[in-house]
């Protein structure tokens, strides 16, 4: 018995399946390039064992706990830490049992595939997770976690990760990355420059964050020029720890290219906490263009992740804080929003801007037409809620005809769930091979070309776009 | 010869078809739960014969007459009653011939499947409806309608309807429901509380409607507290006639949770006819939250049906009135619109809010992410123009990965066309089985689990969500 | 070896493929009706040879040069003419080699299918275009172009074009069309009335254009009544050269039906260059309704092509001018925007309004519901970026269930690339047959009806809707 079908995600038609299988066999064992994600560098630095099955699979995974919560299970019962210090379940076995006895909720979801993949491929489990099997599976995972072969670095190597990027705040001291570097371990773990805390006037503690950045950069970051210099300094510092990209998570895709004196005045207002909502949005948007200009000098790839309405529930935000599954995608305009940035730097072939969306309606209508003409612009893979079989298929079906394959950048797993990394890359490789098989079978792509594209999508494009 | 292919709506791939067929065979004969619709309770109360084929199939079915009209056929020629008292075709055979000779217009539409299903399964007709066959088919249906076996209650039982809900205005006296109850007939026909006429300041006769509600409830409904008390009273009255849900058809998904004094002031303005468009919208939005709070007390399920631009043609509205096929879906935002309601009651697992949409772009982007985290929120099935093979398939493909199956509520037929009820449930059951078969065949769902889900989608979820 | 798979675009399932093939075999050789496009009437008038492969395939085709440019190739290197008079590559062989060595960029795009089709079917080439094959293929095409059989009229006849429409500005003198008519050649080439230059107050030279129109029409077009009379006169002139349609490319779908004095006042402001953006938009919108009223008199079909944000890059606009691949689709509302027009003329069955969209989200939500009820309204085929396998399939899947087939109008190639005309019609015929095969196989359409629909979609509907 197995949890996973060896031909999963390939079309059932025998001809298509044979083609997809043949393509997949050439890419399944390629090394993983993970150019964007949220794994914790402390894992690789300390290489300590993961604590228990619940804290590996349930508590940190917002896909998992949001689904359980949607059916009335309190986040406290899942051990999700309280921001207000209140009590939560501490017994990992109890949390695991709750997860197991509600595992049917994940039918038809990508979480089901990711968890089953990790259970089978990482922990050798072949029995379905249910209330009945919960304890035995808990014990089996728990036994594994005590072994050295299941420590982070060993798994990193077993997962065949050639390079992985974490994401750190611009005011992070990168001590874990330093510790990794100093350890002599050869695993390639790089950081990415995430300046939300110092470019978003509405970010909690914005002014203090800017001040801290100034101290770290030995610049007077309270002046506009000093602030820009501090960014340049911090970017260089991040590049010492392997960074090849910056990352920007804004509520909208708005960009601006303001005159320098207007930008400087907005910055002053932002420091004083005096920006209106619109001014804060304009400042964030202008900083994307400034970041792009810095990228022209230092070569960092610029990633834009817009369109999430964060912390939708006030009650959950108050009790549990951010990132608790209450970020909801919103409709996002790109055509007008990106115009200032693209007018400023979009024609530069030496710049790479990678754009993500949570609004699939923009794939065919806006993003593919934009990426299909501007030299600087590339499309990131399906993101977040769309990082799934159907989501990936829709992306290829809606983006390829106008943007082609070579204005896309392969796959990002974007995950905090370490054991899901091989699962997610495997899903992406399978879906892309299934898509290519269909192109061959419908006479839209020659077979020899499809094999080349399969490797491009699984490995080469990510490596090239992110300069890893 | 048959009008219906026995394997219709299953994928042509032999493996998929066998799987879909096997799933379908377990659900095809399950009783029908019809928790939301617009059949006329007078039918069940009086149990009189349906008058003739035209008034059964053409005149009351907006899907049918809008398509005929789109090709230049006047609504008058189809016997659609004039609001202005003008003449319309009275000869049902003439109307039927017009329908028959234009039946090719329905190729590829769900109406074609529904009508063919009713012709074959209800009336035993196996010849295609055309100009040539029109009279013979007319006669065959007409002969049937004279028999007792074709009266409403007999058909209700033959259709294997376990429970059906009609929809009545908050100021309806429910006399037909009383007559059904008093008749001793055991068919389960319940009502649903539809208060648009008394919560929408822009509804014709709003103030008079509120006054009437007050009289019916023996409350002074012209005060804010009396008005709320009258709602509670009417909801209790509806529950005496089996109501388990309220239903709300608003132009937008806007909700509000206003301070009570602000709401009371808006109510006063509404009664005086002094609300601006925005204030009317805010009042409607606030009343959704008030209704949800009442639901926490009385247990009614709250249904929200937003997003139709009603009565698009002034000329048709003037000549024929409402509900003449001129309601057009519009783009609808849910993320911001529902936030006040969800902040007020969304975390309550003892409340069920069922949300519908006419804007499919919101399935994956907004609705599945919301229903996939808020305990109170569930997704209604594809609605109105999307109640079709492609529409249902898109819903499952776009909503399942983030919301799963268990944040959806099975199928609603939502129909006024009595004979289409079995047809519509059959379509939904077939499409869901086809979708599940594909999940099995692509390794996304185990076969034993798919059988359980098939029954959940065909029967159990609707029964449970609507407490029927 | 062949570039084209004989069963391309048909589903791989053997049953589906057999059905699709059978349908396609009945329509593949039907004459081409090309009721909307942008081929140059000078070609047919002068019947001069096309100059060279680069100027046939690369330089004039925005699909081709935008994709090459998106990967960093300068438009100058592709021979795209500079608006500012700057230098561009003049050697067609160099341009061709650049195209050939980057031909892999078109994998999975419709351009690849169109170009391969033209290479094989028009020029007899069976080897894939690559850097290695570039020169040989260049020579083979170049040799062909010198032969009489490859002149425009010969190709027109070989392509089996029954009728083609070009598009000319309202102030064009139609001299090429006159030359075609006077030549005695029997190829049916008609014009279409495109008045953007004289109905859009923001069009460069609007007032001068209006003045010119007045001179051509012998009317004082500087008064509102004279302006309308001049339109009527020009429409009649265009009809002398076969025009059966007008065409309107507006940034939005906004329509207005203003009182005549308000329209007249806006017109005066427009002539003085004094319109605000909103007034210009209102004037354009009102002119659609005026055009529709003229159509009621003269019978021209009204085509609306809204929703492109033109000339997105300032730098490209300054250096190369309009139509350089920088027009990007935007989200477009139809429900509210079209209401004034539809209220004015939408109920007229003697009028045909053909609506196009660049926003696929409107197919199922807005356009099919509107076209499925208003007698005057029909849906144009997938347009521009959506004129592709996936785009056409999405159109049929999203529009058919509510609009049916008979509120659509067959296919338009909309192209400037002459050799792509047979390729594009072939793609449309194949996709429609694949769609119909799936309807048959899933029991949604009888086989005999599908054959009738196949011919309707490939030939009859375009001919009928455009009165060609």
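Each chain carries a letter (A, B and C) given by its place in the written order, and its residues are counted from 1.
In this text, a contact is a pair of C-beta atoms (placed from the backbone, for glycine too) under 8 Å apart; a residue touches a chain by one contact, two chains touch by 3 or more.
The shown structure was predicted, so the numbers you read here are calculated from the model rather than taken from an experiment.
A.B. asks: Interface check for copies subunit A and subunit C. Shared numbers divided by all numbers used: above half gives same, below half gives different; which is it?
C.D. replies: Mostly different residues: under half of the interface numbers shared.
A.B. asks: If subunit B and subunit C share one sequence, what is the angle of the rotation that overlays their CA atoms, in steps of 5 degrees?
C.D. replies: It works out to 120 degrees.
A.B. asks: Could you state the distance in Å from the CA-based centre of subunit A to that of subunit C?
C.D. replies: 40
A.B. asks: Please set out, as single numbers or ranges, the residues of subunit C touching at least two other chains.
C.D. replies: Residues 13, 361 of subunit C each touch two or more of the other chains.
A.B. asks: Which positions of subunit C touch subunit B when the two form their complex?
C.D. replies: Residues of subunit C touching subunit B: 13, 15-16, 333, 335-336, 339, 342-343, 346-347, 349, 361, 364-366, 368-375, 377, 397-398, 400-407, 438-439, 441-446, 449, 452-453.
A.B. asks: Contact residues on subunit C for subunit A in the complex?
C.D. replies: Touching subunit A: residues 4-5, 7-13, 66-67, 69-72, 104-110, 112-113, 128, 309, 312-316, 325-326, 328-331, 358-361, 385-386, 388-391 of subunit C.
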